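So, here come the structures, one by one.
Two complexes are shown next, each including chain A; its partner changes from chain B in the first to chain C in the second.
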Partner chain A sequence: MASVEVRGVRKSFGAFPVLHGIDLMIEPGDFTVIVGPSGCGKSTLLRLIAGLEDASGGDIVIDGDVVNNVAPGGRDIAMVFQNYALYPHMTAAQNMAFGLENTRVPKDEIRRRVAAAAETLRIQPLLDRKPREMSGGQRQRVAIGRAIVRDPKVFLFDEPLSNLDAALRVQMRIELAKLHHQLKSTMIYVTHDQVEAMTMADRIVVMNEGRMEQAGRPLELYHAPRNTFVAGFIGSPKINLLPGSVQAIGSEGVTIALSVGGTLAAQVVPGDLRPGNEVIVGVRPESLHQASGSEGFAARVDVIERLGNETVVYASLPTGETIIFQDRGAGSIGIGSTVRLSADPEHCHLFHKDGTALSRTEQALAAALKV
Partner chain B sequence: MAARQLRSERTSEWLIRSLLVGLAALWMIPLIWIVAMSFKPNDVLAMSTSGLLPIPFTLKNFSDIFFVSMTPRWLLNSAVVALGTTALTLVVASLAGYAFARLDFPFKRTLFIIVLAGLMVPEQTLVIPLHAVVTSWDLHNTHFALMAPRVALPVGVFLMTQFFKAVPKELEEAAAIDNASRFTIFRRIMLPLSIPALVTLGIYTFLHSWNDFFWPLVSATNTNMYTITVGLASLQGNFAQTEGLGFIMATAVFASLPIVIVYLIFQRYLVRGIALSTGK
Partner chain C sequence: MTAAHSATSPKHIGISPRFAFEPKSSAKRRDGLAALAFLAPYLIFFVLFLAYPFFWGVWISFHDWELVGTLRKFIGLANYWDMFEDPIFRVSIRNTLLFTAITVPVMVAASLGLALALNRENRFHAVLRVIFFTSSVFSVTVATLIWIMVLSPDRGLFAHLFNSLGLQPIAFLGSPDWAMPALTITTVWWSVGFPMILFLAGLQQIPQELYDAARIDNASAWRRLTRITLPSLKRTIVLVVVLQIIGQLQIFGQPLIMTGGGPADRTRSMVQTIYETGFNEWQLGYASAMSLFLFGVMFLASMLQLYISRQED
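Our next item is the complex of A and B:
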């Protein structure tokens, strides 16, 4: 178990900057998930921590030691790759033993550690098989086994589940969470899938265009996103972002006149907000409900997804944008019908025009966490 | 309609097969003829060389190879040169190919272009400079002189470079994280993965070296240092056709045997290797 610190790390490929100065502290034993869209620099950051790329600036610190000039093998880390990267000409057991052989661990000890890892991952029957004789899930288990036999200070995972089918991905997600609970090691996991991030992480780091947008506990990011990017990236279905202008500021919160017509209120700390300021209201699909009378705003239903445990409705606003909400009326609405939607002030987020969030009131956060 | 189409397809398939069999037979006739003549007595061949069957039959031509001629010595020379060239070529081509594919060093692209340019230089244009260099080092009539000019084979470097480029980089990165040194990565990961390419290159080099005639003709002037190709040519005196044609044919058959055996054993690797080198 070791801490990992990234201090002002920058990386450019030629003249093209990929990371613009990342500062990140990962506590010993934390399961940290770095999440972001393709090309945001998350894999590059992981490769810098692994030593597979050299930083253009800044420091990588593992367990208190600056490792900028230490080769990958000297950093006492293990990495699981997206395409498993198992050595094709070796059996599973040989794959797992390779790293230990390079550090001159005695043969008996290698055998013992491989057997123990195989038992943990339930891959004993696969030990004599070569990678081509295994399924994707089995290969992924062996790749994880290759990492855990070395008992490293830090585990790095680079989108390890993205090549698996949906069912296997869910199963492996659970197994990885269990493994972390069992090993209590520091793990850094890169993914573009926010569901993986939300379900496995102790702490999530959201990245965008080479910058760290926000880091925090999963529910913190969900309920108190720092900006519209984080709000949009965390949560499925996506948050609805509705532009408008401040109509009134009162003790109950801020009332916004929406561009699509109608109003919504948000319980936020108004700060220097003034009536007439342009803002963006964020409402999660589960926070929208059908309204009566002139409350909220109108939308026309386009698509209804009945998933069994929930019904997700996609509707068009008069401006042409799509709004998503959950229908709790047990199929009372139909395609083509017009509905009025509203949300309670304690469930609404408010962002400045530039996308930065206004702090939600403690009351609003408490209400959100209760849900 | 469908039946007529099927019949037409069968007819064209039959025609193509017949054509291929005809071409194969045409190609095979000289080989069968050589084998037939190698089993015929020389005095019979002095009167007529026609006929594809070895009648009358004799093994004397083959026994003469061992007891009368220098053929065993030339075969040994060919074996030493071909095996040595193959082994050295594999070492040089795999190391150079790995360096070109994976390492960063100054003038890498320029050097690679020079290697590729080597593919375009006709062998004959190099013989005089090679002869001058080997003469100045006083190395003619040695196995080393027969092997050395053939070792840095541009096509081998090119083949291995292309092969190593196709190996996923993650394998090397995984090995680097597994604390493997650069040489361990090369020896324990890259080399075992490149066996199909190495076998292809090995067969190609062996065949090329075994059949090489021009350079050994220049370098090996001592009959003891002849390779089998030069030795065979030296047997063809002005009266060969009348005096020892059966013996020459027996020597040719005997000299071809190692090549045939190598090809029969490794032909599946040869095909696979060529497929690998044309893209994955």
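Our next item is the complex of A and C:
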């Protein structure tokens, strides 16, 4: 169990910069998930921590030691790759033992560690099989086993579940969470899937275009996103972002006149906000409810997804944009019908025109967390 | 309609009408004809230029058959018995096997070494790859003439080197001990490009993630070579070894031009003996028997290699 610190790390491939100075502190034993869209630099950051790429600037610190010039094998880390990267001509047991053989661990100790890891991951029957004789899920378990036997200071996972089918992904997600609980090791996990991030992480780091947008606890990112990118990336279905302008600022919050017509209020700290300023209101689908009279705004229902435990409705706004909300009316809405939607002020986010968030009031955050 | 007929009607046995009314044999025949049409150009080539000459050669080998003239006497296996009593052919078998035994490992090691050294994505290594492959496009005449000059004891590159060190230059091609190694060096220089390309293609098929995993697993460069690269290249190595054995057993141009099979028949190859027997001495039946023996050796060597590689799988 070790801490990992990334200090002002930059990386360029030729003239093309992919990381613009990342600062990140990962506490010992934390399960940190780095999440972001394809090409945001998350895998590059992981490879820099692993030592598989050299940083163009900045320091990587593992357990208090700067490891910039330490080879990957000397960093006491283990990595699980997206495509498993199992040695194809070796059996599962040989794959798991390879790293230990390289560091001249005694044979009896290797056998003991491989057996223990196989028991933890329930892969004893696979030990004599080669990777081509295993399914994707089994290969991934062996790859995790290869990491476990080394008992490293830090585990690195590079999108390890993205090649598995949906059901297996959920199962492996649970098993990885259990494994972290059992090993209590520092784990850094890269994914583009925000559901994986939300369900497994102690701490999430959201990246975009080579920059760290926000780092924090999953619910912190969900309820207090720093900008529209984080708000849009975290949460499924996605948050609705509605442009408008400030109509009034009162003790209850800020009232916004929406571009699509109607108004919404948000409980935020207004700061230097003035009536007339252009803003963006963020409302999560579960925070929208059907309104009566002239409250809220109107939308025309296009698609209804009935998932059993919830019904997700996709509706068009007069401007042509799509808004998503959850129908709690037990199927009362029909396709083509017009609904009026509104949200309580404590559940609305407010962003400046440039996308940066206004702080939500303590009451609003408390109300959000209560939900 | 009889009861027996209705019992086996398409409806009764539950097959779709489309298949019921389209006889399977006609569809199969149509597919077969289409396949034959596509295969025909190669089949014609194969039969005319490979299969027919092969069996014709087998037939000739059972005869006392002169290239010119009308002698066509069936003598059964006599050519085959004579062949093993023939001291010239026995020497050429020994020389050819020795040349193959020296050249194939050197060729495989050199081409693999070059491929490993040149497997980098930059312009400099791309240029080097082209340079090393260029020798392969020379004809045997050009390649051997270059090396005759290089090895010349009067004005050759090695002669200059020996002179500069104050040593007596060696007449490589005239020396019974050095002639065969000289042919090996020439052959490796001339043909190393193609196996190098095969190894490069094999190396580029190995996923980079395996090397990343090995580096994280603390594997040294030697361990990565022996535990990742070489096992991953196993099929390519088998292919190169088989191709090289087949190729080197047929060595002909290099000894013919560089040494004429000398000195004292020390570099005489099987193909040279076959050629001289068939076209200088006109004993086509005897030469055919020798050719079939060579074919048998190449076939056995290839099968043995494939068998060994499959056993290890």
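Details
Assume the second predicted complex is superposed on the first by the 371 of 371 C-alpha atoms of A that agree within 3 Å, B and C clash if a C-alpha of one lies under 4 Å from a C-alpha of the other, contacts with A are read in each partner's own complex, and residues count from 1 in each chain.
Here, contacts are C-beta pairs under 8 Å (C-beta built on N, C-alpha and C of every residue); 3 or more make two chains touch, one makes a residue touch a chain.
Remember, predicted model here, so these are calculated numbers, not experimental data.
On the shared subunit chain A, the superposed partners chain B and chain C overlap sterically.
When both complexes are overlaid on chain A, the residue A:85 reaches chain B and chain C alike.
In the superposed pair of complexes, A:77 makes contact with chain B and with chain C alike. When both complexes are overlaid on chain A, the residue A:102 reaches chain B and chain C alike. When both complexes are overlaid on chain A, the residue A:50 reaches chain B and chain C alike. With both structures placed on the common chain, the touch criterion links A:58 to neither chain B nor chain C. Shared contact residues of chain A with chain B and chain C: 50-52, 71-74, 77-79, 81, 83, 85-89, 98-99, 102-103, 146, 150. Contact residues of chain A toward chain B in the complex are 50-52, 71-74, 77-79, 81, 83, 85-89, 98-99, 102-103, 146, 150. For chain B in complex with chain A, the residues that touch the partner chain are 168, 170-171, 173-181, 184, 188-189, 192-193. Chain A contributes residues 47, 50-52, 71-74, 77-79, 81-83, 85-89, 98-99, 102-103, 146, 150 to its touches with chain C in the complex.
On chain C, the positions that touch chain A within their shared complex are 207, 209-210, 212-220, 223, 227-228, 231-232, 234.
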